[in-house]
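The next part holds the structures, each set out as structure tokens.
Next come two complexes, and both contain chain A; in the first it sits with chain B, in the second with chain C.
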Partner chain A sequence: MAKHNNFKEKFIHGLFFLNGLLVIIVLVGIFVLLVTKSLPAFKEIRFSEFLFKANWNPTATFVTPSYGIGSMLVSTLMVSIGALAIAIPLGIGAAAYLSDVASQRVREIAKPIIEILAGIPSVVIGFLGIVLVGPVIAKIFHIPNGLNALNGSILLAVMALPTIISLSEDALNSVPKSFQEASLALGATHWQTLVRVKIPAALSGIIAASMLGMGRAIGETMTVLMATGCAIAMPTSFLQSVQTMTATIAIELGEVPYNTTHYYALFGIGLVLFIITFIVNMISDIVLHKYQRVLK
Partner chain B sequence: MKARKFKEIFGFNILRLCVGIVIFILIIILYDITSKGIGVISWKFLTAMPKNGMTEGGILPAIVGTFLVTVITALLSIPLGMGCAIYLNEYARDNKITRLIRMSIRNLSGVPSIVYGLFGVILFVQMMNLGTCILSAGFTLGLMTLPWTITASEEALKNVPNSYREGALALGATKWQAIKTNVLPYAIPGMLTGTILGLSRAAGETAPILFTGAAFFLPFLPKSLSSQFMALPYHLYIMSTQHHAVSKVRPIAYGTALVLIALVFIMNLCAVIVRYRLRKIKME
Partner chain C sequence: MNRFIGFLTIIVALVLCGDVCLAEDMVQIKGSDTLINMVQKLSEIYMAKKPGTAIAVTGGGSGTGIAGLINKRCDIANASRQIKSSEVEDANKRGVDPKRVVVAIDALSIIVSAQNPVDKLTVDQIGKIYRGEIKNWSEVGGNDLPITLYGRQSNSGTYDFMKENVMLGEYSPNLKSMNGNAQIAEALNQDVSGIGYVGVGYAKEASGIKVLKVATKPGATYYDPMNSIDVKNGKYPITRPLNQYVNGTPKGPVRSFIIFELSEEGQAIVEKEGFFAIPGEYQAYNDQTLGITGTVRDDPMRPKDLGVNDGIG
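And now, the complex of A and B:
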């Protein structure tokens, strides 16, 4: 009986262990499948040309098709950085207010509101980019069409805000109380304490939060697909229509025949996206861990 | 002294403004969608098929499609996510493999949704030969929600006091018996809260289902799990960008957006209620 039990216990333990390994398998599986599916494309296209040339024209019929994603790469970075330029100051400000200034009541009201904002589907945000933000941009800048990089940046900022706010607030809250008390005891005001003691002490947590927001923005598809106008060209200003890497995959994968160079090249874009977001997330992770160790 | 006080008041007001802007954004979003979408919503809109090239009629197939896909998502994500959380919190030692698992979870939650879509196309549609259908889309979304389910479930397991485990073990229970009788019953409500939140996000996702089964227009309900389907988020995308008379169907797009937001809110509300009841039980 005891032996039987022991066997059963080991079996269950093994089962849960396999279940734990599953996440590693999925992550490695995504990477391996992306690599194998994009390899055929890189037999025909030089990787450096793929990455840096801005001549994406896979359906050319009279000239040889070309597969440079340079303009999309720049568009993706531009829209994401624009989004962060809006979301980081706003997010840190809101986080600082919630952690240091707001009363308990205000905090209890604001927290669910931010959670609701995080829950709004990206396709709805993209829809509002078309019907609400687009016309406003067109009016302000006197341009015929408000679907451009600026629109995408504003929408991505809205989507990145909840992540940045809640993680920055966590970082501010985990600054030891003694820091704050020491500063106040030396005669600093609450404001000076916040700006010169708490925010610097929480800085790596705030940076990690911003990097995570950046990863989200780079990988976001529907909002940029709907609101940036989708025109493949090297962007020169925020008022120009752009097409990001994610949008290109979304538009073209549905129409391209399986197992053509174009099809493989789209998986190549997916691979580039995966690697970029992976690196951004890793940096965020490393910064956060270092910070936690320092605070301990 | 006065300058310092002034600076403080000024600074705090800027911070207050930041929160105000965030709340204002949410109010605008909700107001715009609700005020323009509510007029479209009727019993007929919710229960009729789209008609006349989707310029009239309702969105029933999209509602049914989203519901079915979310069920498949839950069936994949809940058991696997909870299992992984149980392993991490109850069995795993702090070694290299455990750290690797945790790192993978963090990275999986950062993988772009469109990349999950690509993965779903290769793995489920092509390699497993399921084709573009509800199952492929649901499995793809299931993998995408896995990291959220794991994180939420582990959080719930952590909240069960250690004395519960020790009590059972001291009475001679095996590890699994202790988990089954003394840990899971207390952790499951918390696990469910997090899982429902994850599912509500999955229900609103579009990118992963673009190529794994969502259909532009189907004038009937899905016959089986291996048929294509219409989905609310994809329908909204179609109605606002791809339809041949985009401005004419704008009201339908607003109505769809409102139904989608309402669906997400109702799911969130369920999660909040579960959490609230859980707190009450704990207090008693």
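And now, the complex of A and C:
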């Protein structure tokens, strides 16, 4: 019997190890695929031109095709940073409310609702961008249409909020109770305790939450494809139409003839995206670990 | 364990059934957003008449449809442009022989907001607007308002058609690439400064927009794409055939469906959906694709006769 149990234990051990390994294999596999598929593009396109020129027009027939993704890079960063600028203050506010102000009952109702927000399909959010957010932006800024970077930022903020709220609240909750008690005992008000003690103590957790939110915003495709207008020109303000890297891949990969420079260049965009999200996630991971050590 | 075996049996049965009982009369149609509503309607009516055939129509753009045909992921590719020589080469390399059938005629309609005072443009002006050379409505007789360009994404056949046949140059980088005809019509319903292009079937349905009259050159007569006589005479300058591509001479359910589309009943549905029935020259062309020769060509009842020959009641 003991022997049998031992075998079972080992089997399950091995199974879990394999599961863990599988994730790493998939990740490495995706990276290798992106690198091998995008390398041929750089035989014909200079790398600096690819990254910094804003002249993406691979299907040009009247002029030579050009492959500069500069404007998309700027667009992606604009939309994501804009989304964070909206989502971080709102997210921290909501998290602070949930962890410190709201009654038990409100929390029990509000938290699942916020989590449902994370489950709304991006197409639906994109549709809202077209029929609701766009016209409102057009009216407020007196411009003819609202398909622009700001629209994308607002929608992505909505999509990043659940991540930011839920992880920030966890961070606030894991601040040791003694911190709060000490602060209150020294005569600080509830507000002062929250702003000067709890939030600073949970700051790295909140930063990590925001970075994860940003990772989501950078990779989001359908919403920005529908709501940002998709114009390839280099944007100069948030009220201009932009086309992000993800939208370009989504639009063009379906029809591109295989094994052409255009095809490889799209994988090149994918590689750039992969590297950006990888860096963002790694930073959030490092920050998170540092913070866990500090509190211990 | 028993349950596991039962589960496995069901899965195997489903897979086998999928191969045997679904594959035969399943027709996959993919491609142009301009054709999708019309072909969907045609397929619905066809399926009602001929139970046992399942036709799935999806969009994605002409380029996506043709790529699907080349990769053997669909049986019929809807395309609002003609196949490119590079695509034919690619198809031949993969053992696919794309053949073209013309199913309808479209008058590509240039649309603006209903509140825009401009109501006509020349082909040259349209080209200049989309190339980004004319930037303000006042240059073409409208208000002093910057023009906002709405167009389609590069996987769209309409995007290519405009570029190759109307603009004769590259799009302005400020073009907003919209996801389909309906989205362009919706955008122009809201945007007073916008200009867009959609298949005539969509122009007829949309609200809050105005369809512009178009002339080949300044001084020539301006024609309205909504006027079927002008379109059929070829007087409206931006007309184009709407195509379907198949792999080789079509057989079986694909052939039956195409023959239904070309029949009088099918062409009546085409007109009802806002597009135009194909004229005689294209009927002869289609006969070639379908491998039909000679004798019945001049018979006005030809499509019906063919229908009987090909087993459609």
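In this text, the second predicted complex is superposed on the first by the 277 of 296 C-alpha atoms of A that agree within 3 Å, B and C clash if a C-alpha of one lies under 4 Å from a C-alpha of the other, contacts with A are read in each partner's own complex, and residues count from 1 in each chain.
In this section, a residue touches a chain if its C-beta (ideal position, glycine included) is under 8 Å from a C-beta of that chain, and two chains touch if they have at least 3 such contacts.
Keep in mind that what you see is a predicted model, and the values were worked out from it rather than measured.
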Using the overlay on chain A, decide if chain B and chain C clash or can fit next to each other.
clash
Of the two partner chains, chain B (first) and chain C (second), which one does A:Gly254 touch, if any: first, second, both, or neither?
both
Per the contact definition in the header, classify A:Ala60: touching chain B only (first), chain C only (second), both, or neither.
second
In the superposed arrangement, does A:Leu77 touch chain B (first), chain C (second), both or neither?
neither
Can A:Met226 be said to touch chain B (first), chain C (second), both, or neither?
both
Touched partner set for A:Leu239, first chain B, second chain C, both or neither
neither
Identify the partner contact of A:Ile130: answer first if only chain B is touched, second if only chain C is, both if each is, neither if none is.
both
In the three-chain superposition, say which chain, chain B or chain C, touches more residues of chain A.
B
Just chain B (first), just chain C (second), both, or neither: which does A:Leu117 touch?
first
With chain C in view, single out which of the stretches 5-13, 149-157 or 239-247 of chain B clashes with it after superposition.
239-247
Could you list which residues of chain A make contact with chain B in one structure and with chain C in the other?
130, 225-226, 254, 258
State the interface residues of chain C toward chain A in the complex, per the touch definition above.
60-64, 66-67, 86-87, 90, 145, 148, 153-155, 160, 163-164, 168-170, 172-179, 183, 186-187, 190-194
Note which residues of chain A are touching chain B in the complex, please.
5, 8-9, 12-13, 15-17, 19-24, 26-27, 29-30, 33-34, 37, 89-94, 96-98, 101-102, 110, 113-117, 119-128, 130-132, 158, 161, 165, 189-192, 194-195, 212, 215-216, 218-222, 225-226, 246, 249-250, 253-254, 258, 266-267, 270, 273-274, 277-278, 280-282, 285
Counting only contacts in the complex, chain A reaches chain C at residues 57, 59-63, 71, 130, 134-135, 138, 144-145, 147, 225-226, 229-234, 241, 243, 251-252, 254-258
Touch list for chain B against partner chain A, complex
4-5, 7-8, 11-12, 14-19, 21-23, 25-26, 28-29, 32-33, 80, 83-84, 86-88, 90-92, 97-98, 100-101, 103-108, 110-119, 121-123, 126, 143, 146-147, 150, 174-176, 197, 200-201, 203-207, 210-211, 233-234, 236-237, 240-241, 250, 253, 257, 260-261, 264-265, 268
